[in-house]
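Both of the next two complexes hold subunit A, though its partner changes from subunit B to subunit C.
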Partner chain A sequence: MSNVADAAPASSQVQPPARTSIGGLIAQTEIDLRLFGMLVALAVILLTFNILSGGKFFQPTNMVTLAVQASGVAVIATGMVLVIVSRNIDLSVGSLVGIIAMTYALLMTDWMPNILGMGPDFPFRWVIALGIGVGLGALIGGLQGFIIAYIGVPSFIVTLGGLLSIRGFVWYLSSGAAVSGLDPNFQLIGGGALGSVGGTLTWALGIAGCVAIIVLLINGRRQRRRYGFPVRPMWAEVLLGVIGSAAALGLAAFANANFWPKGLADRYAADNNIAVPAGGLQISTGFPFPIVLLIGVTLVMTWMATRRRFGRYVYAYGGNPDAAELAGINTRWTILKTYVVMGVLCALAAAIASARLNGATLDVGQSYELYVIAAAVVGGTSFAGGIGTIPGAVLGAFVMQSLAYGLSFMGVNSPGQNVVAGIVLILAVGFDAFNRRRGGS
Partner chain B sequence: MTVAERKPLVVMQDINVAFGGVHAVREATIDLFAGEVIGLVGGNGAGKSTLMRVLSGAHPADSGEIRVNGGSVAIRNPRDAKALNIETIYQTLALADNIDAPGNLFLGRELTTRLGSLNDSSMESETRKIMGRLNPNFTRFALPVKSLSGGQRQAVAIARAVYFNARILIMDEPTAALGPAETAQVRNLVRQLKDEGIGIFLISHDIHDVFDLSDRISVMYHGRIVDTVNKNDTTPDDVLGMIILGKKPGEVSEKELAQLELRG
Partner chain C sequence: MANRRFAALIAVAAVAFAACSSSGGTAAPSSGGGGASAAAGGGAGCTVGVSWNNFQQPRWAAHDQPNIKQTVEAAGGTYIDADANLSNEQQLTDIDTLISKGAKVLILLAQDNKAVLPGLKKATDAGIPVIAYDRLIEDPSILYITFDNVLVGKAEATAVLTKVPKGNYVLIKGDPGDPNASTFLPQGWDQAGLKDKVTSGDIKIIGPADGTYTDAWKTEKAQSNMEAIIDQANASGTKIDAILAENDSTALGVVAALTAKSYGYPPLSGQDGDPANLNNVAQGKQYVDVFKNANELGKAAGAAALKLCADPKTLALTLPDGLLDPTVAPTAGLTATDFKTPGGVTVKSFILQPTPLTADNLQVAIDAKQISKADLCKGVDAATAPAACK
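Presenting the complex of A and B:
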């Protein structure tokens, strides 16, 4: 009844956290401590490998390669967070990536020119191919989601079946052969010197990031002021703005310190009649397209998870399925949608993977489900349901990939990398369990 | 009492619910008027909660009819019930522990901006207003409700039912988990809501609570409604007898009465 709601004034007698200790100071900035810890861990890993390799590791080239390698898993991990938060699992992502990657390859080498009448010169072939892949992903994801949510078969079983049978379909699609030769524009999705946005646009993105961070901070503060809620102290707002802006610009500068390989730059100079300077022509690559795609996916998924009803319902269902049902939420439809989202993300990851290969083999995406689940869990997603963040999962993917890349950089073979990855996974979850038991939630 | 002259707010007629072979509710008929509190009592497994879950849409009836304001309605799920302004405070509270108080209060009925995004600020503002009235000491609006005390969680659950213009309120053991002060608070709230013309079904084990707050008392026994009596025409002993024996006072034999007294 509205008269009840109108009766009392908004009470804003909330005490700000004590500002005596370092912990109190951090609390006032309202930084997510779990996320902050992950950033520190990532920095420690990168620095350790840099020291061990005598300063050769932490170079723009290596970091860009590492980031591109992590991007596919990170893209899918953003969706795996929602699936695990709502007390389900998706084991089929690797096979889904496989079948969509094969679909892209067959579309552009065979079906488009030979069946659909879209020759190599047909405009926007890569967009059409991507659209078909995304549609296929949404369809398969939706079908699995339907069986899980409406028929009630456990997600572990449905997606285990998907893992097996979809991988089998890949073989039938291509009659067991690898397929190569994608559209040149489509190949850019995979990154590389040409598949990057270039120096100028990278700076523009960095500056746009700064502006966005500052606008969000100011807007948030204004909003809380308007309703008379407690706000962060001014120093904390400024600190967050400065750190955020420095990070955005720092990443842009770092990516721009990565240059085209010499052969490519020389050819470019010859083609365009540019005199090559003494040290060679230095053209910045900037952010590779897969990283731009990952940033976009992370922003959109975070927005969906925190600012939209869909995300709220996913978390509510994960926290208490009965409560969500009794609150009148259409829980089945919500669960089904998480799998549609997964299908779409798999299609994007498949685009990155097939573009990097310039084609598709039978085993594209093999074991992705394990890396994706590991990334989400290391990033703080709990199998008990209801807990997990999307930026955390992306950071988790980067932590795992940094370890793998760093170890291989140090000459550790892939079984050795797996040993470390497995131990880190268990340690990360053990650390969370320890923290929760201490009441740190 | 002029109750009989007015039109009932809700009539549940000949409701049946079975779980497998267990007949949880049999041919139950009950009605509720505006501004009235009906105390629903009975032993464990008597079917009180199941009957109310039919009305709140949590578990549809196998057969029977529900009329709200004289019109026959179909309540297939909680959304249908809420659309009819039927709100429920569950014994388990039904809160999502990982979400904060405003998120729980508006769960399923979020306030959104024009573009359909969650409007967290206005939800928090509304929550502060209603909690300022229900539980002025409540200040933890940004924490997951998991970290709140039992009384605070109860306040969130009650605020959720009250905020959305409930006309029919179902309270399942609302004071079972509360201390004396909080229980008194809930009792005051029940009286106040009743004065505002809301019809309330109150499920309780506490016979004193029921006599204190109810206008009429319905006793359930093995899925049936034994009788619905005016509070002023009965005594706690008669009601207890009905709860234990499942028979109206006049139908009880001397032998059964003797057994009852032995037990009591």
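Presenting the complex of A and C:
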């Protein structure tokens, strides 16, 4: 037994889990069973589609498409967790994405060259556009947050108003027309063969992931020991390290098995006088930028939610608003901040959506609020408040999108996709409620 | 075809046109000029009232309204209008107001073709002839002026089928709840020979045989559907030779998917004449964009209203020669013909032809003020530029 060496009084209160059953063994690794269950569910969905399609489905290209399609909703879902945990809701995210996407498009096609004097050659146009979009998102989010937290209008009403009125503003910006032709650098945010980090950097990211996992495990063990908390048995630590590293490297290898489309590779070869080998030139795309962005957002948001005061306040408030208030937490300021975070995340998702479209239409982001809320809820966020994890919401977004993409891949039409998505949403939450009740009794 | 996208397409021209129409009917005869002069005379004392169902859609202010107005005013008539702002009740009030303001002819864009019937009865009781503009009202007393919506689908498919007579097709349809998406446009596709070619095996459909529907005609949804179809085709080693998309918002999503996948650009259809799509046509990313020239529809309605003013009894009227552009209707002897409605009523009608725009005739879009040359030719490679961009 590699349990606490110096048996501190604190540890005696925390009963080490039973070690005899399989459940007990899993409990010792402290794996979040819910997350683990969702990973299994995702794997089952992907495998089912793979069998149904005769092995055509589970290929790097397809999985990269799926991941890119899920990335926008997943980015916003990380913020929706905090909003729902603090017993609020945000219905305005779709419209917010719409107005920011339209702002990006108009900035780069019209306002920058014609008003601000920034022609196509102006350096870092895409950074400036992104900055303006993030600022706009934070501003609108902050305004809604202010009305909810300080004036006391229910968040459902405020953001429902936002849903309607912000979409209306999108119309006024463009008179309803589609705007296209973004900055070439900005378009890379949307992924595609050119909008990916490439093979080498993908391996580097994979290795960095391994190192980070191992460092975190070692550091966590040291800290627990320092404060006299129970530590995982050594075999569990090693198992987690191995699984985590394998996952990081596996993902990198998988992404690198996705190659440039033939036409593009041939053109590249012709332009650079490279002889094309028999099987065609194979250039790894690696992780697309939207996925890198999503990984970054997930890490930062998880860190904020679990390691920063802001995140702890959000969960404290969601668990018991009165107690949080009495404990001296500035709850209003905390709520306002959750909406500012939402606005920023919407700006990032809008960048992905508009970059993918190479422009914006009146309906960009429409019904995102439903997909985002579904992702958060499937990912285990409870409407009762106080419960929900960010990686869970990201996984939830992937589960929902894998169904949509898979059905689409199988040639099932959108009414069928909606039927399945709706049923899965109810099943996921129902299963969760059943589990919680059983666990509670 | 009254889907939302069709309304949303004309923004750029709307801005350009706002200046034009606000400078006054007499000073700006530029686009209605030809028709107006043809219809000139005999309009004095004729007040034409127009009841719009939703004037906020940019199309009406940009194309329809100025052409009706110019045609009527150039002949010495008076133009008045009212906007019901999507309300059936408001439209009935509007009709009352227009009649009491002295309208001799009513042009009606019905919010709902059933709810408007009391208003129609009031007008006919007062002996005022009614033109059902762009949207059918099932009543034998009206004159129906519209574009042929089945022909839109036929024009899309004809263009693409001529270009790619054999091969693998992808069908991208609009919202499953919209009869245009599920019935009328596919009818046009079949009339152009799609169904026969599928039966004979010349054409193979990739994805659902019935086509892939796009919720709410959303561009993003069309894009993700198309990405899945491309992945599926790549995985099973088939090549996509052509794509039939029902309208421009879905075609825009298809182009985005093709670009993301670096797939190249197989011939692709669309309709609406959306500026972003016309630009894609100029760039060679979309093959054909079927365009309903609303300017001509406005001219036809204006001229018909003047005729009805002079002779309210004769619905089977003939429009002046040379009024309309030859791309939408014969230039001479255009007389209202019988049209059997889905409800089994026979009405007199002018049914104009949509115009398929390809790289060869994009000049039509510039002439119709649908798009400026600068917007049309943005990002077009000088070497492969279509004639309209040279």
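The criterion applied here is as follows: the second predicted complex is superposed on the first by the 424 of 441 C-alpha atoms of A that agree within 3 Å, B and C clash if a C-alpha of one lies under 4 Å from a C-alpha of the other, contacts with A are read in each partner's own complex, and residues count from 1 in each chain.
Here is the rule we go by: a contact is a pair of C-beta atoms (placed from the backbone, for glycine too) under 8 Å apart; a residue touches a chain by one contact, two chains touch by 3 or more.
Since this is a predicted model, take the numbers as computed values, not measurements.
When the two structures are aligned on the shared chain, A:191 is found in touch with subunit C, with no touch to subunit B. Of the two partner chains placed around the shared chain by superposition, subunit C is the only one that A:359 touches, whereas subunit B remains out of contact.
Once the two complexes are laid over each other on the shared chain, residue contacts for A:114 go to neither subunit B nor subunit C. In the overlay built on the shared chain, the residue A:219 is in contact with neither subunit B nor subunit C. When both complexes are overlaid on chain A, the residue A:327 reaches subunit B alone and has no touch with subunit C.
In the overlay built on the shared chain, the residue A:316 is in contact with subunit B alone; subunit C does not reach it.
In the superposed model, A:178 makes contact with subunit C only, not with subunit B.
Contacts of A:387 after superposition on the shared chain: subunit B is touched, whereas subunit C is not.
Applying the stated touch rule to the two superposed structures, the subunit B and subunit C interfaces on subunit A have no residue in common.
Only residues 4, 7-12, 14-15, 57-58, 176, 207-208, 210, 212-221, 223-225, 227-229, 231-232, 234-236, 248-249, 252-253, 256, 259-264, 274-277, 279-280, 378-379 of subunit C touch subunit A when the two sit together in their complex. Residues 1-2, 4-15, 223-224, 226-227, 229, 303, 306-309, 312-313, 315-320, 322-330, 386-387, 441 of subunit A are the ones that touch subunit B when the two sit in their complex.
Across the complex, subunit A is touched by residues 56-58, 77-79, 82, 88, 90, 92-99, 103-104, 107-110, 112, 116-118, 121-122, 124-126, 128-133, 136, 139, 141, 144, 146-147, 162-163, 165-166, 196 of subunit B. For subunit A in complex with subunit C, the touching residues are 53, 56-57, 59, 61-62, 65, 69, 174-181, 190-193, 260-261, 263-264, 353, 356-359, 361-366, 404-405, 408-409, 411-415, 418.
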